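Paired with subunit B in one complex and with subunit C in the other, subunit A is shared by the two complexes that follow.
== the complex of A and B ==
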């Protein structure tokens, strides 16, 4: 990458952080500020887990543990040592981020080293167990608040730092992929034996992925602790680990772009659905039936309809429009059924069902994840809007 | 160049190599023939550090290497094209070659890459293509090209003819001869005994983990025992 592009992206990143800070902190209600903050943290978590899981291929499912190590370490330290004199709060927060990152990296090293001989499912079990150990350790340590909260952490809320961390995390992972070193991470995922035959130090790569990935999670934890001022072991329960993992898989394992996008979507979707107004039973049934129809037809199209891009897109759109019309018709029809029309479901009750259904549908239609292993690039955008050039035939 | 003495390698409780001693001199092509499960691949893996021998010594250019990690061994100048090719199928041909040069940081990587592509023009045509879309012969060429990218002094080839059509096998062995003529010492392991003995300066016969015969390639070709067991009478 040449210098102007580097400078340009740096400026754009700085501008973005500054913009989000002044816009959100200035004019948004507190709960929305919090959502933006948490979304940023989830981006960090998803991208850093993607480094371990997607890029290096080490199936780790205890990512919340590293998040927790960072949060508790920084929070605890901050409670006892916070001294605002002579130091702007953001500088203190950066120091805490570094502390959290170091602590979590150390934890990553501890998990990474013995896990080197393990693969796939076995590694997953170890990381899962490690996550539980951390959580239970905290739960049983009075000093850390036990199963209640670690309370009265100094409140330092900085959206620009959170999103700055997210951008740094994305940049580090992306630049890593561009170097020969990054290639060696991908090589380890592909084939460990071949990688060592090429002279890649597989052990080093795996440990580096764990240390780097968990370090970012730890820094995110430190930011969370100072944003929330109060954290409990439940903040880092196993379902947080699974949500992060889902983000990585859904976005497309190995794709940084995918992780970012999936983190944002999966984080906002349940929050957004909270606000959906109540719908009647007849609408619910109609929508369900039309969604099932759409998915069934789509699945057939994805599997069997191998035509040029344009025709496929038209077929997909036709499916969506068709099932939408079906939904409307059914809705009118079901309104006649009195018991259905009278029943009412609030968005809050349905949101987790919708969330889970969305995941199932996505995995059915696109098991390789939204972005598969591709990355966003301007080249790709350009190609999308150009006539497909005749590709040189591939032989088998 | 390479001196192996009394090598014993185990997989768990199973002994795969028993007291194996071989020599490879600078500039030679040395073949190791043997049937399935004789320990041929294990021998190569023991040399390149992919498995650690339990006892015995592997000396390369005068220093002991059996204690080193595989990355260090590649840096010393031993390139390994492993069994079953093991190319990175989800990566492009170019990335595969770049990974071959992973241990290097000198300025001549591009030059070597050009040289590999001169040798295997098919790879140049498919440079940006996923390696998994290559045909079997092309994949074998990529595997050899990738191993060459580390600029090895000694090239270990594991079953280069596996799964290839006869005319491709001829081509691959011609290429191995070419590589050797340019100064790379080659240690090749093969089930296709005829081809392997034909190009070899010297050869060893490996049976259930033990070296049972060794001679020049030509002598083994006419050896009645070898004829009966490996060359189909």
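== the complex of A and C ==
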């Protein structure tokens, strides 16, 4: 083991956490701090779901439930037991994280057990059902605030812990994939019969994936509860599960890098779009038509235009420029239509439409996800700047 | 009945192994034994129950009745991964590689069951797990060399041509450190040259690595050439057992399977 590299990564991670803490907490307005915190939590959620869905191949779509278990467990415990004089708040928060993680892991174990018998769609239905059970259980429990909120949770906001958790989560998954243990997780995804015939304990692998994945989600939940101080069952509704799932699929099922990137993009995109200034109806129609043209052409290029990289990039760029010109022309043309020119749409109204459209376009043009099954590595960066060498032995 | 080999220890013993699926008796009271170092063939027409027999031995199915013993211990009903750990590995008739993994990673998965490092040490990237992984990679490279696949080690197994996929399955099974290896139609879909190569590989597995080999095959030339003893199944029942010459001339086998002109 390369000790300097390990120490270096620890140092870099610590520096990053410290940096984000001092920078954001010192100079940013409160709502931006919250966005950075939530983004970190979504990174944890996406990466941990990727462990279950992408790496181990167990199609779970109730990830918000584990998030919720962690949040309510830690929140409830904290309301009744937190004593500001007892210990530094960050230490308490770490303890709460562990509590949330343990609770959610237990829930993960419960869901993981049926996964030993169920595959694909059936497992998806069970996990979805489990998510709803948790949500409805909380909604009907007065002690936990019912459908209002579990509030007055002690306010302990710690960006460095949130991003620290994200880094730990990424590191754990990456470590797993770097060792032979990770290969056995991937093997279960690829073929259960064959992996058990090769001595892989399929039961153990699946349960471990669920326990680990849900544990991280639970820890994230605990951090959320103490950041927001008030949580409702709606915070963990089914669409949260779906957003997390979308992050995993969009990033490239199985790719940690992809999950992280997709989590950041998908989380920030709708928030960013809130601030887009109003546009007129004619512009909207023009942009829509030009985007449709671009996607249609691009889709054909992706599917049928198999040329060297350089030519393909030129073709893609030409498509984008062409449709942009089309958009400008159409915009001028539609300005003549009075009813269109008068109508106005704000970013706040359009943001979910744009969000959904972006997802559809990405899935059309790159169904394997942004990163497919690849990972970021320095090697890969180095290769980008070098001429590609012919790969020996590869068959097309 | 079968004298040769009886001076060597018994590796696998089936005693009246039977499995019923509802009303269908797929394997009916099949008995045979393998001795250490045997090159043993299992033949019979389609649907005779050969692959089911493999599935019984490797724990995919639990026998309805009868006994299956490996080195004297009963293994009937054990889960596949435990049976594999005891020393029985297999390949599949319809190739079942881990498609998204590279050739060498496939073989590493096979070797992973003897990996003493814990999951915890892997998650925290402790030296132990790293060294084990490196060792497995080294071992996998060696095995790929045996089956002549070292040049495609980093290619995704899904992208390999058919014949190489079959050989990769053998390497993956070998990686488990097995003593007994079950090959389910290893020559299926191979051309004559590839088959000749395969005969050499299988011989090498037995002679050089001292494995016991049990194989299912339809290519009579291949089987008669390679195997020293053969069991013939038909409709789930054992109809003959013995050395290739005896099988070739057995009237029951000729009627059920071989036909006249072999």
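Here is the rule we use: the second predicted complex is superposed on the first by the 391 of 396 C-alpha atoms of A that agree within 3 Å, B and C clash if a C-alpha of one lies under 4 Å from a C-alpha of the other, contacts with A are read in each partner's own complex, and residues count from 1 in each chain.
Assume contacts are C-beta pairs under 8 Å (C-beta built on N, C-alpha and C of every residue); 3 or more make two chains touch, one makes a residue touch a chain.
Please read all numbers here as calculations on a predicted model, not as lab measurements.
Taken together through their common subunit A, the two structures put subunit B and subunit C in a clash. Set side by side, subunit B and subunit C differ in how many residues of subunit A they touch, and the one touching more is C. Applying the stated contact rule after C-alpha superposition, one finds that A:193 touches each of subunit B and subunit C.
Contact with subunit C, but none with subunit B, is seen for A:208 once the two complexes are overlaid on the shared chain.
Contacts of A:21 after superposition on the shared chain: neither subunit B nor subunit C is touched.
By the touch criterion stated above, A:127 is placed in contact with neither subunit B nor subunit C. Using the contact criterion defined above for the overlaid structures, shared-chain residue A:183 touches subunit B and also reaches subunit C. With both structures placed on the common chain, the touch criterion links A:172 to subunit C but leaves subunit B unconnected. Residue overlap on subunit A between the subunit B contacts of one complex and the subunit C contacts of the other covers 180, 183-184, 186-187, 190-191, 193-201, 373, 392, 394-395.
On the side of subunit B, the complex with subunit A involves touching residues 48-50, 69-71, 73-75, 80-82, 86-91, 95, 98-100, 102-103, 125, 129, 133-135, 146-147, 150. Residues 180, 183-184, 186-187, 190-191, 193-201, 373, 392, 394-396 of subunit A touch subunit B in their complex. Touching subunit A in their complex are the following residues of subunit C: 58, 60, 79-81, 84-85, 89-90, 92, 96-101, 105, 108-113, 115, 117, 119, 122-127, 129-130, 132-133, 136, 151-152, 154-155, 159-161, 172-173, 176.
Contact residues of subunit A toward subunit C in the complex are 1, 6, 171-172, 175-176, 178-184, 186-187, 189-191, 193-202, 208, 212, 254, 373, 392-395.
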